[in-house]
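Notes to accompany the following structure.
Order of writing sets the labels: A, B and C. Residues in every chain begin at 1.
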Amino acid sequence: MTYLRNCWYVACMADELSDGPLARTILDEKLVMFRGEDGTAGVLADMCPHRFVRLSGGKVVGNAIECPYHGLRFDGSGTCVYQPFESGEPAPHNRARSWPVVERGGYVWIWAGDAELADPDLIPSSLDVLDDPEQKTVYGYLRVEGNYQLVTDNLLDLSHVDFLHPDARLPEGYASYENKVEQKGNRVFNWLWKPNSTPNYIQAALRDSTEEKADVFSHMEWNAPALMMLRTGLQDVGEPEGSDLNLPSAHLMTPETETSTHYFWTVSRDRKKDDTALDDLYQTALTHIFSTQDGPMIEQAQQAMGDETDLFAMHPVILSTDSAAIRARRILQKLIRDEARGSAPASPAIAAA
Amino acid sequence: MTYLRNCWYVACMADELSDGPLARTILDEKLVMFRGEDGTAGVLADMCPHRFVRLSGGKVVGNAIECPYHGLRFDGSGTCVYQPFESGEPAPHNRARSWPVVERGGYVWIWAGDAELADPDLIPSSLDVLDDPEQKTVYGYLRVEGNYQLVTDNLLDLSHVDFLHPDARLPEGYASYENKVEQKGNRVFNWLWKPNSTPNYIQAALRDSTEEKADVFSHMEWNAPALMMLRTGLQDVGEPEGSDLNLPSAHLMTPETETSTHYFWTVSRDRKKDDTALDDLYQTALTHIFSTQDGPMIEQAQQAMGDETDLFAMHPVILSTDSAAIRARRILQKLIRDEARGSAPASPAIAAA
Amino acid sequence: MTYLRNCWYVACMADELSDGPLARTILDEKLVMFRGEDGTAGVLADMCPHRFVRLSGGKVVGNAIECPYHGLRFDGSGTCVYQPFESGEPAPHNRARSWPVVERGGYVWIWAGDAELADPDLIPSSLDVLDDPEQKTVYGYLRVEGNYQLVTDNLLDLSHVDFLHPDARLPEGYASYENKVEQKGNRVFNWLWKPNSTPNYIQAALRDSTEEKADVFSHMEWNAPALMMLRTGLQDVGEPEGSDLNLPSAHLMTPETETSTHYFWTVSRDRKKDDTALDDLYQTALTHIFSTQDGPMIEQAQQAMGDETDLFAMHPVILSTDSAAIRARRILQKLIRDEARGSAPASPAIAAA
């Protein structure tokens, strides 16, 4: 398995850079992320080219990061801008590898492939909601010891909720929901909805209506390589979908290594935006559920697979509920193959047109 | 080194299954053991065939074990008996690998080879004493990071007791004992005895006689692959062996991996059966001695051998006290070779006839 | 990368053997060091030839070490001198491999190559000061997870002090010092000095003179494979070098493995020899600085290099301050190559003649 390279990956949440440099491994590469005094984020290989120590152990000086061992400084383009003890220009190879960076939706994104192709518009437009000032967004981060596609599998098959999340369980389990899987271009949608159902306690607290029953829905959109947007909500029975409550929730996976994943999530809302207790509830509940319930399942699956990252090589039993996840895996497989043959980056929107 | 397959291995103590499923690796395979509502023990590969998570993290439902991720259920034969969300029959490969099981002597045993050859009578008859209602038996379990044959070596050469177990040392060390090593069929016996000796404090407390001196003995029987029965005891000087005290003690090794071992032990007695302080003494003393004295020696030997499991490949110095252990290793080597050539399982009793 | 074999390596500080046997890995080999009742140090492979357990877990009996498992005893030459339970002579291979040993300068040294070539005079004469009764010497030991040549690099390029050691920083940084690198035979010298400078607080406290200014110096001598002697000191402005304060400080590296190092250091002084608070200050400060500042840099460099031990294979940026370290690496490379071709051990003194 190789990675899709010509695409954007979330490197960090924007505010992770406020307290100095951040070290993080992405796509098997050790990176340092930092924000210069001018506010611009830079992402470099986390290794000084002189004695190979981690730049992330140093400090930001101006718009550069200073190596903690002998004081060399590198700016966001990777150029050595200061060599103490030395006269003359830095050698041409006295530079740290740099990555194209863009900030959007509260995240610092890096482009993992050909820098000339790095187009910010290739970030899926369904994530624009994260920059919408009408929304209040809670951000979370978790790390999981499993291939990122196992996290995709988990999110595209919510049938596990009925078994794995007894405390988050819907009043009426997903087993009773209507379901439709749809592919549009290179995007996959997994639609789940239940007319005339009982909202869960958060939905009940947030909805405008005072009715007891509602038509509820839970729709997942997947974009390659692993950028997902879930919309959950409800409306009074028979009303247009989302006409009352419509909560966008991003689930953005960045491979750390072949067998571990950075999982960035958000939950947004357009109401009760000053309710910090609700912020805390989302933060605590989602962290608890993922880290103690989904995370261990994904990690066990990876352990059973060992170094294998291709699920199909393991000859799994396929259930009807795997349908969306399998489409997503097939699309990603094809995009990686196409990229190896020289195809241009695939925009989900263009592909869908 | 490969394992002897057509034989019974202890998987667990019977009462280890009373609180739900048990995960244990045996012969390099991750297994789940559970007892259904009907009381029958089942042993399966500890991996759901759908997404490969550990079944041992699930719960027993009826006579099946339910996967914690998506709720599939498998009975003791490995058959998927329930698929939520699905209609129709489970796919033929929707099953978990199962192992033949028998319960005897307070243990759940599994057969590691051809299921058609699984004959409970191949469990050595010297272990029948564990089912004898006249005996009170204390059960213990330890895990050691060394090949199971290194544990066999330890138990078949008790000369180490004089050096390694200062607190368990006999009043008169094994160096002063008579010794005879004997092979009968595929069994090896290591006889140790000393006429007119001084019993140790447990023997003195348990014997019927009030004499000070006694003829004492300590006889070990080995059966392939690593099922051993020690009988220690004494009688008044000149009386028939075991006519006063005769304590059976099983030492049953199951390979976890090539370089780690499950060590199940028992001590039985036909007197002071209600003396729970004596139960505790056996449990505490044997656990302490093995885990802090024998265990570290075996682990160091394995560490020095690295991944090697054939002692002879290391060209060890051979001492006269290694005689029984070397016979056992030679017999096991031959049985494994014979099995690879298609020989039927070897009963120690038949082989001895 | 292979090791230079025909040379002396520090195995331990002499007083590390006062409390029984010591286990330590040197040049990838597990060794046991012990002092017999006659006061002679012995160094053997830390593995009993009978069942391979660690002799270092046993105890010294007379001038031999007794195996903790079955009681075999081996003297400093590796000969088995006692076999309990056995009659007759030990088998010829019943011996533990032994290493030539010499004690000098408060250290036990072992010879890693051809025993016939083991000549104590090959220990660099600059270390004789450690046996000088006019000097009071503080000894320290640290272990670092990096190749020993990375520690050499660190010590031969003190430009890092200005960045890495803010609390040990000289009143006027090394950036302002005069510097000269010199090679004499197989030795490398890195001279650093600054006329009319401000002494640091320890120098100020130890000097005889009451002047405020001084000419200060900091000279490092390197001998293959990694035996270094630093002399720091000062004199009144314009006086002969070292005419006031001259503090010898040894830095002696022994490879544990290709990627880890035993680092033995000393600081000697010829004044305030009864000042135990000063002993403690040296011990505490040097341990703190190395273990929290230099050590982590060296370890990060090794982590970045992975299993690689040849710095040049990593194509590092070379700075002018690397000059002494690079000369030392080139000399060592040549000595190892020469040794592989059969050359005799190289004395730094002879080579310099």
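Everything that follows uses one rule, which is that a residue touches a chain if its C-beta (ideal position, glycine included) is under 8 Å from a C-beta of that chain, and two chains touch if they have at least 3 such contacts.
All figures in this text were calculated on a predicted structure; none of them were measured in a lab.
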Chains in simultaneous contact with chain A and chain B: C
Interface residue overlap between copies chain B and chain C, same or different (over half shared): different
Chain centre separation (chain B, chain C; CA means) in Å: 50
In chain B, residues with contacts to at least two other chains: none
Residues on chain B engaged by chain C in the complex (per definition of touch): 153, 157, 159-160, 162-164, 175, 296-297, 300-301, 304-305, 314-321
Of all residues in chain B, those that touch chain A in their complex: 47, 49-54, 57, 66-71, 83-86, 90-91, 93-94
